Amino acid sequence: MSQQHERWSPPARDPDDDTPRLECGVFGIWDVPEASGITALGLHALQHRGQEACGIAAFDGQGFHTERHMGYVGDAFGGGDLNKRLPGRAAIGHTRYSTAGGSFIRNVQPMFADLEAGGVALAHNGNLTNFLALREQLVSEGAIFQSTSDSEAILHLIARSRRPKFLERFTEALQQIEGGYALVALTNKKLVGVRDPLGIRPLVLGTLDGKCVLASETCALDMIGATFVRDIDHGEMVVIDEKGLRSFRPFPAQQARPCIFEYVYFARPDSVVNGRSVYEVRKRMGRRLAQETPADVDVVVPVPDSGVPAALGFAQETGLPFEMGIIRNHYVGRTFIQPTQGERELGVRMKLAPNRAVLAGKRVLLVDDSIVRGTNSIRVVKMVREAGAKEVHLRSASPPIMWPDYYGIDMPDRDKLLAANHSVEDITRILGVDSMGYLSVDGLYWAMEATRDPANPQFTDHYFTGDYPTRLLDKEVAEGRNEVRERQLSFLVDA
Amino acid sequence: MSQQHERWSPPARDPDDDTPRLECGVFGIWDVPEASGITALGLHALQHRGQEACGIAAFDGQGFHTERHMGYVGDAFGGGDLNKRLPGRAAIGHTRYSTAGGSFIRNVQPMFADLEAGGVALAHNGNLTNFLALREQLVSEGAIFQSTSDSEAILHLIARSRRPKFLERFTEALQQIEGGYALVALTNKKLVGVRDPLGIRPLVLGTLDGKCVLASETCALDMIGATFVRDIDHGEMVVIDEKGLRSFRPFPAQQARPCIFEYVYFARPDSVVNGRSVYEVRKRMGRRLAQETPADVDVVVPVPDSGVPAALGFAQETGLPFEMGIIRNHYVGRTFIQPTQGERELGVRMKLAPNRAVLAGKRVLLVDDSIVRGTNSIRVVKMVREAGAKEVHLRSASPPIMWPDYYGIDMPDRDKLLAANHSVEDITRILGVDSMGYLSVDGLYWAMEATRDPANPQFTDHYFTGDYPTRLLDKEVAEGRNEVRERQLSFLVDA
Amino acid sequence: MSQQHERWSPPARDPDDDTPRLECGVFGIWDVPEASGITALGLHALQHRGQEACGIAAFDGQGFHTERHMGYVGDAFGGGDLNKRLPGRAAIGHTRYSTAGGSFIRNVQPMFADLEAGGVALAHNGNLTNFLALREQLVSEGAIFQSTSDSEAILHLIARSRRPKFLERFTEALQQIEGGYALVALTNKKLVGVRDPLGIRPLVLGTLDGKCVLASETCALDMIGATFVRDIDHGEMVVIDEKGLRSFRPFPAQQARPCIFEYVYFARPDSVVNGRSVYEVRKRMGRRLAQETPADVDVVVPVPDSGVPAALGFAQETGLPFEMGIIRNHYVGRTFIQPTQGERELGVRMKLAPNRAVLAGKRVLLVDDSIVRGTNSIRVVKMVREAGAKEVHLRSASPPIMWPDYYGIDMPDRDKLLAANHSVEDITRILGVDSMGYLSVDGLYWAMEATRDPANPQFTDHYFTGDYPTRLLDKEVAEGRNEVRERQLSFLVDA
Amino acid sequence: MSQQHERWSPPARDPDDDTPRLECGVFGIWDVPEASGITALGLHALQHRGQEACGIAAFDGQGFHTERHMGYVGDAFGGGDLNKRLPGRAAIGHTRYSTAGGSFIRNVQPMFADLEAGGVALAHNGNLTNFLALREQLVSEGAIFQSTSDSEAILHLIARSRRPKFLERFTEALQQIEGGYALVALTNKKLVGVRDPLGIRPLVLGTLDGKCVLASETCALDMIGATFVRDIDHGEMVVIDEKGLRSFRPFPAQQARPCIFEYVYFARPDSVVNGRSVYEVRKRMGRRLAQETPADVDVVVPVPDSGVPAALGFAQETGLPFEMGIIRNHYVGRTFIQPTQGERELGVRMKLAPNRAVLAGKRVLLVDDSIVRGTNSIRVVKMVREAGAKEVHLRSASPPIMWPDYYGIDMPDRDKLLAANHSVEDITRILGVDSMGYLSVDGLYWAMEATRDPANPQFTDHYFTGDYPTRLLDKEVAEGRNEVRERQLSFLVDA
């Protein structure tokens, strides 16, 4: 494969950083002045969904203008002349996750193609589970891929369709892809939003002064002062143009199975996803966790920031005091040099600091949103003990993570997932805690105010259950070839 | 005056941003391998005391190596080759505040001078109240100032001293300066730390494997894994060299009057300042605030992040639920373009987002650490109302700010201080709240577990009382000349 | 069309700069250690053929590595770690011309495609005369173009070929393109060089320690210490791989018609093009010019640097003294601000300075290589007069330029070509010279030691004669559509 | 000493590069609109005197504005907004030489000081021979040096003078410095130019629309369209202000001894220095060289560019053909990696290419302006031989360089000067030439149309004769201390 050297390096990821990462956030707006400026704001609100890179494509009635940058939205699209650089009344935007290795501007979205009938820009959150098969077929037919992104396959399918109209071409392309995705596309005539047949990835519709807005989460609507209208339905395609908004159903009807991990970790707490407040769901996780895994402790301390709502729920349920026993350092930068002096590890201290006044001499219960490899937990627990805690108990506000994802969440290989390889007893010992507790799968559904239907689960919860909502063609092909293909393609480093 | 154009622009400060800013953080370490790398970590932990610029000076036994950069510590001093760039077993470092206007690399510290007997590097947190007088005298004697920083005056005083030994020269210089300061100096033979006669600015001593460390706050000790030993005393000079640590008292003895605003806003909550946990003091402010200004509300919501401990204290005192009704966006960048669309103001939304699930339909009590001009409060209150709050009550965990500072805190002119110009009734109306409450000065001392002695206040609290702890020579001279000199020199934009 | 904003701006081209510009230089090498480093050197020697951008693609036995940069070769590929960044024993490279307007990294070569059978990198000097037709057809078949470069069309033709082997695919693609070109392609198995059926653009073969090298000019061989072997023949394809070098003839046999402008302006004087020393040809142009257009003057002065050999030939033929009456400033940068002071124009003085000691009081004969729009000549003549010359006579060492090019030379539209619109008498007046003389077309052939065969000219000389060597499909189509398409596509600014 | 790391690296100097380098060029203008823009142009014309860094200081009637940059004038001060960045009707500027090692923005000029009576900016070409002594004295009195530049000593002397008026202070400072220098200073009231008592370094006066201009060479006047008025006299101080131009003589009268190396190498050929055309002097050197060291050869070839005029003179004197047998590559960049392949050295080929058509089979006489260490000559000779020359003869258009300089020319230590350590016979063998010839000192004076007066030489020619025009205090002090101090301070790398 070709390699394009780029100057930008993403903020170094601590190799022991243990948070899962989502692929992307998308945004689109139609028929407003200064569409690029509004899109930049929307992307800023979605920055938590992807910090590596970002891009905006705008249409000004005559041509498309695109910019794609490594780095934060504020650095790339803040400042004064954006609406001159990217003029127009329609725009889409994208924020992209951070990979550990090489990152390439070629892979940054929105992607653009000049079709026979005009240009199309595409922004994509999610992952196609049949991308490798599609790519092999397309390349054998003469397609030249400029990126290693599965999003480009969609553009090639659109370009190669024999249908005359764009929506027909797009529909034909959608019918060939599999996986979880939210797509936002912009042509010279329309803005289109699509959510995969199961609604795995989220997409919402809002209005700003009567004009349509599409975004991954409602927090982007709040940022620009737009009003939330509704979620895009699973398997729905909305087309926004001078005629207004029309809804299409390009797929056979299915029951929805949105990703439950959006509630556990990815979505912002102030977002409302599929009709539920993320903050309230997380607090309910904490409340249920307190019922399922009580502990005799002095204080409840969140691992900030994602553990805060569940810790509050736990404290409110139990009446135990909630305290900020760990302080987050908001300034990050490149990795510092590990001092050779002594055996101290920088580890978690770059981001988290112990608040000795809260911890010293106490029996501390830590609440985290989830535990992936456990490396981070080991360090936090050690730090809390060194700050003088008498006991340290850990609670995960989600069930044990045991299976990899194939729909746009970057998790480590299965053999690195702590809970996939160890019992809770083992984990208690490995993490060095006095007690360890996970929320149950039923408890997670309780927090969603649902009861899991094992035949047709209301959410996709495969990370906890192994119950995948779609076939996994690329994985199956790879297994047929005796290739190890544990990870989804979106996260392969291209080299 | 000369102007040196620089490429770097500090992150734009929202003109309505209402937080006071401290000048600087300082750090120093003696006789350890990789002193620069450790100093970089210490500065990272002190980043909250100054985000505009940072610098490190190291001594490698033969020469000094310095680097000074605009921007964050992590960007400037992260990465792999720092100990090669700045080799040596002794180093000092500095982080600097952000000004609204031009920022100049010339003003970044540590400052360095080649004296007859060898080099000296100096890092300074605070402000000299007689700097203009000193500068006039020094320039008339032929000194060439390369910066507009008051720190440079100290170097010139040292350079011009007729005393043979460095400590004598330094002492002679210290006896000529007035104001509040914590200084860290490095020569080829020693590391020196000084705290002003009243101990206005903080400075602590720690040990790392038996070697001495100086830092503005204990959180820097935690970051590098050092052990806290004690605060440097007010008016104390500590000299660290191959003989170990010696303590000197270059000034006549006085009662200490450390700055109480360190507890209100500046210091990190996990720091212990002058023997008191900042987090615990803030929680006590919230508890006392609840006693002094109760309210009939449904929920207590902090203005994050600095309002969190006081809000927790308020909630615990009253039994009201504590909720994260406002979510902070951790990603910042350059200012975005204000959309012309509609009348919505970006205002506070770039940094803070309303959590509707908590706020809608509720009687909300907001707790903030302090209110300076009130511009930020107006926007937060408006945002909370727009998110559906039924009532909005605001509480300030510190007393009304009525007087400017001259010791290193950048506050607006007196005519812009909300409480200096309006009654609480007016303020209630201006901020658009249902009720408004401030902590009393006595309440603030209660939180410090003290009772204010009006004859000899235990802390300097002039922002609230107008009771300045020193004479203000530059201000008096300016007033004698009928010049308006409301602001301390450190914050004048050099142009 | 999409627009990708880039940070780099090419050195601003003086709007009155009057030099024609060539598109590119190409280079390739096979089976040597540190192939990228050698390619960088070769490109440095070809920098005169393109200053806007450059790129290298290397193959290391397993994968391709490419870098493409705006700016000079020395800036992009100098420095220490190139062979680590672009490892491998085979590499190709490209330098690209500078456009007046936007320049886009997407258009920089080598271009790369992942085909079914493996990757292919392509570097191209020249212009396809049927590119628009090919592009329309390819896009209608679903090809997605990522650039506006005609080189990409060749890649799409290769990718879409149904033939199984790369050489067959490449041959099939070559048989569909028209125009003038020298191509260098690299696959995981071979290095391929092709020259168009008429040999319009140059390409030479050399050896370095027995390994094959391809380059646009022999000066690149000299730079790397390689030995010149022979010119690639017109219509020849050479394939270099582990079996050695094989020669193919993918086109019907035709008489060669290499571009005569390579001798007039483009090639470096130390290069040997098609068996002739460029320096010697230029000197012969000057000698013949002296015979055809003698003048009664005191001194012969070249317009540096390209006029130097012809001026030497003129002086040697006539016995007149040759003097450096105009000094070239080798330091260039961004355009300076035109002072408003007085009416002086910066014009030519940024690059050329009058040497008064040579010019004052003299009858001066200036020799330039060619005159395109005449704007530069006007300024040089004016400058020489202001320096005190008594008379100024101008001689062009090439015939009047009257027709645009379609094979990779960027010339202005026909209505801007001075000689296409004015008689020599007019031109004498316009340029403000005492006499004006052009070399004749026959004189130019004499300098080439040839007699022009009007039925089958030995060189393509269409700029002087309008006798184009190929059909011009895109131009004809555009004229059929009543579109003005005076300029070749390679030079359209993409926006 | 302190070290300030900077990002910019000067273009790497080939360790075998053999050209001497001059320290600086200076420029100043008074009372014109857009003074900065004109200064930038003037500096661009003086770029050959210093390529490392450049700076401009402008005064706008109220304050000074300065910018100092590493790199070329065109990069630093080209572009559109210079007159806004540096507004005012008066400005001075400086270009600075390139050192082999570290380069520091602190050392870039103009330097600036805020004196009691107002600001002063200073630009300096030359070197003080008593700088170390001055510096020691000033530091012992408490002066803080911010640079390692001798120019800063002048500012400190001005600042410390007890005289009330600026001109008196400046004069007092001048009377304490020794060496060779041309100074341009700007205050809020006047522009001042000074040439050292012997006129070692050049400085000329011109007018632009009746306003005064100062510049190192006349080529800067030509660039801005100004008219040459006269050289500033040796030991003259000109003061330009609202009263016009006044001339002062701050030093005792002495006979002038300008630097003869300006004619040999430094000045641009189109400049007129001390009343003599540099180009004509160089041609006369070549003519005399032909007389003194004739050779039986086929062709005269200059080592470009500085050898061109002498080679022309040589050819004209002898009637031998002058040919461009070596072609200069105008594109330079960072040093390329030396290929490990074979034994070929990149050496000189990065900059110079052999023109085989001229050289092959010929007896070649190369003319260079001067030979310092000989490393470059060895490579050029080797390259010319490898291009097929039958014989290679080398001529230096200046006498053997045998002594170091202390007045602003950066030459290697004496033990590295070829002619200081070897006879002409040795040199012939070392350089690998068939014959070697130097111009005689008398011949050099003949080229200047003078006869050398051994008692009072009309020029300083110490590089050839060891006859230094001033005492060398720093050198003497160092020798007294048994320190090796072969090199002048300006060229010491500060580290």
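Should a chain be cited, it is by its letter among A, B, C and D, assigned in written order, with residues numbered from 1 in that chain.
Throughout what follows, a contact is a pair of C-beta atoms (placed from the backbone, for glycine too) under 8 Å apart; a residue touches a chain by one contact, two chains touch by 3 or more.
These are the chains along with the protein names UniProt gives them: A, B, C, D = Amidophosphoribosyltransferase.
The structure displayed is predicted, hence computed values, not measured ones.
S.K.: Report the chain whose mean Cα position is at the greatest distance from that of chain B.
M.R.: C
S.K.: In angstrom, rounded to a whole number, how far apart do the mean CA points of chain A and chain C lie?
M.R.: 50
S.K.: With chain centres taken as the means of their Cα atoms, state the distance from chain B to chain C in Å.
M.R.: 61
S.K.: Using Cα averages as centroids, what's the distance between chain A and chain B in whole Å?
M.R.: Distance between chain centres: 37 Å.
S.K.: Name the residues of chain B that each touch 2 or more other chains.
M.R.: There are none in chain B.
S.K.: Every pair of chains that touch: which are they?
M.R.: Here the touching pairs of chains are A-B, A-C, B-D, C-D.
S.K.: For the complex, give me every residue of chain C touching chain A.
M.R.: Going by the criterion above, the answer is residues 1-5, 57, 63-68, 85, 112-116, 119, 121, 139-146, 155-156, 159-161, 495.
S.K.: Which of the residues in chain D come into contact with chain C in the complex?
M.R.: Against chain C, the touching part of chain D is residues 12, 32-34, 37-38, 40-41, 44-45, 47-48, 51, 72-80, 82-83, 208-209, 219, 222-225, 268-270, 272, 277, 279-280, 305, 308-309, 312, 316, 321-324, 327, 329-337, 339-342, 344, 346, 349-350, 353-358.
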